[in-house]
């Protein structure tokens, strides 16, 4: 029987196939710098952490200081928030971008934030060193083309029902415009289980390392929807070969304007990092 | 156990609940005109038909004449095509819009076409009486807001992994900007079955008639991915209470630049319509 | 990319391919008698109705009389009930079988009931003219082999995450033991939607008519989990070409020991049948 | 909106909730012996390995010696094989049981094998120290009841579309008959991704450690369907807290009668174990 789900008839680019040796030597993914001095895809695992949404100066500053102290290399925070309902908190927008940038500069961390509209790409790229395409936007082609025309590294989250072929198709939409600095992000797909928010497709980490030459990171917060599961799932992601993590951390999760139930408190995040480091070391990698 | 998949904490608008009587009286959905003299959501079932993509003047003109003759009330045709790969045919763009409009005017049918970018909404609305939001764009909020600010009827396709709550959330994003003329379109969701392209969620037709006051149409072409299944599935959709169909028809399916395997040939479409009419009549509706 | 989900390397039996003409002539499925004088798979659509569980003599007798009067041709009722929890009602077992048989004989309807254990096949076959394999048992091979060695017609429900290939594999397990009288039953699969209990795969009805020479019926009760959606979905199933329906009907749904929320009351079922008949007629079939 | 997918109305047993501390101290799951001197659920991670099917004396003996030498604590091997098609290899049955037992005794490893029919439970329990319920049998209640009446440890694989609630329901069906020695096995669920055979639900490992007091192991072979992904996924499973692994190993995968593409060769397995040990150590556990 034919499989009519194969999306289009096209030749996949012949990526250099990556062979991650069972012997756990240094990873063979093609590394590139997120910013000067911060490579992704090399031996070092990059921890990105911060709140779902930038809510206030004190909130983002407190988080920035804490995640930097705990070992994060990148500060995350949402300014433009895609929300199921228009009546939910939509993020602080431009004001949020400015607060995020200011916090990153204050503590010396590059920042990553989501861009939702192709017409906002230049604005966001002026405030953030790294651009994020959210799961709901993975097939927003005008947006992919716009980030493809920048020089910024792009975190491309997997759509929550996208196959790997569709995900690689989205990669190709960016690459075809000239931007090669793409970081895949597995953040959970929708499956039969509803006790967790999504189902983390851990298979996708080594699979993508076979299928293409891009780094891949994991978002354990969306993939579980439960802060209490984030530690084990984060360790699993690193053991599976993930090149980084994107973790939601909030000074007061119970008061968060979005995604509080899946955010780690600051001390929980600080407690987590040493165990991540031990797992990274066990497979021949490190967290600086 | 809590169900953490409920997307956001908000109050769903209290739509007037629709009770479609088992006795099969005239439908109770709130009807509105797509264009003058063409209501959707009333007793008449609206057949929309045409090619996946506008490919040439002769192709769209031949299709327009044929679907009009066979009983279609709206001409469909894609000009901006979202494609998994950037190397596939991307549609004729502006030129396609002009050809579509010209074909519609020539045969006297209003036209519907997809708009992919919020910055294209005005352009598309000048050429097409009805705007379509594709499945991949269901949560493209800048786009939803832009069509919400027009006066055009909007066909809102369901994302292929969207729950009905997320779909209603997208509706609300449009409505909150002032546009109430929204037509839902069920076009198949992704499930365990791979022998068909998607799985048509036929339950969603009566369910949406319970949950909100909007018309809902069905796209049997994407929902199956196989032209040979389109007739039975189209009849099923009407029997389930669908307020219309969106069917792919092409003069030469084997030569289509996109989606040929799921397109009906012109004579197949002409053969189909009488059976649709009989099913509509069986439940107290009609196809003019 | 290979599709590793193809279950096994084997040659599918070359069924006589069925072409259901768009012109809606009499169905071409190979009909066979369920009992003398009651064919399935021919022009007549077979309505099977009754309670999820046999609960008492008065309950099953009242239901039997009512569904017979309303137009059902087969009485259904569960005696051995597979339940997620061992602490839920497990059915009346042997006593239930006797009550079901007695009710069928009293009103003159053949009966169908589920058999869960291969060691119960002979017992159940002595009480019921038609055997049912439930969705959870679709790949219980000892059970499939046991019913394959009987002379009884077998309703084979699709597993709720089974592909059509796995379903046809289960068919072949029965056929290989000699029993050719198999009726497929689509009863909903698990998909992303959780607002309904399952997602009815309406595509599977015409697809199975293409892939094999077996009749296929639809269970709208499990497929929706909501009695209020059963009427529309039942009509859709018949319009899609289903050879029968398996509908849950209970004299007092609110008091049912299992599945009450998806059971029609007796008067709701009586109101439904005339509309089913009209839809059947619209496609050239009938309900006697 | 109600969630009608909640399977039944019953009170879940109030298991002692397990809190696995972020500090990575010794696991708190309730350990029990698989056989004398071999605890599962304690600090030691139990590696179970062997071929999908027992095929011959030389094949199972060679595998037994090799996996023992490499660090496995249990020998696995199928004698009764559930197969999608009746025309595929169905296992050696009783002869396979005898060969498996003999191989286990020869090298000093306990053995685990699947039991498919409730009438075979006594037979299988005479040959194997540990019983396995396969994914397709997770809701075969007569079988669950039969293993519940033995004294043997039971590996209960998750159905490939089962929710955790249904899985815990199956546990309860066994427990209610008196057998408390149950080991959960996550082996992948069906999701949107088809590039791998199934999608490993890594979230389920810590989730089940929260919801119940049972050990949980992971089957990376079925979960991926690709031998080349097994190493990373195995390491991820241990990092997530899995109490053991069930890995397919074959002396000549290319010649295997079943599941060859997902089986590790003997030297691949031997190379894998040291890395598993390092990951186990990184989270405060060990592989003896």
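A, B, C and D label the chains in the order they appear, each numbered from 1.
Definition applied: contacts are C-beta pairs under 8 Å (C-beta built on N, C-alpha and C of every residue); 3 or more make two chains touch, one makes a residue touch a chain.
Predicted model only: the values in this text are computed from it and were never measured.
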Two candidates, C-D and A-D; the one with more touching C-beta pairs is A-D
So, in whole Å, the Cα centroid of chain A is separated from that of chain C by 47
Hey, how far is the Cα centre of chain A from the one of chain D, in Å?
32
Specify, in ascending order, the residues of chain A that touch 2 or more different other chains.
1, 3, 5, 161, 165, 190, 192, 194-196, 226
Touch-based graph of the chains, sorted into line, ring, star, complete or other:
complete
Taking the touch rule as given, give the residues of chain D at its contact with chain A in the complex, in rising order.
3, 5, 20, 22-24, 161-165, 189-196, 199-207, 210, 223-224, 226, 228-229, 231-233, 235-241, 268, 271-272, 275, 278-279, 281-283
Interfacial residue positions of chain D with respect to chain C in the complex:
1, 3-5, 7-11, 82-88, 116-119, 136-137, 139-142, 159-161, 165-166, 169, 172-173, 176, 190, 194-197, 225-226, 261
Given the complex with chain A, which residues does chain C contribute to the contact?
1, 3, 161, 165, 190, 192, 194
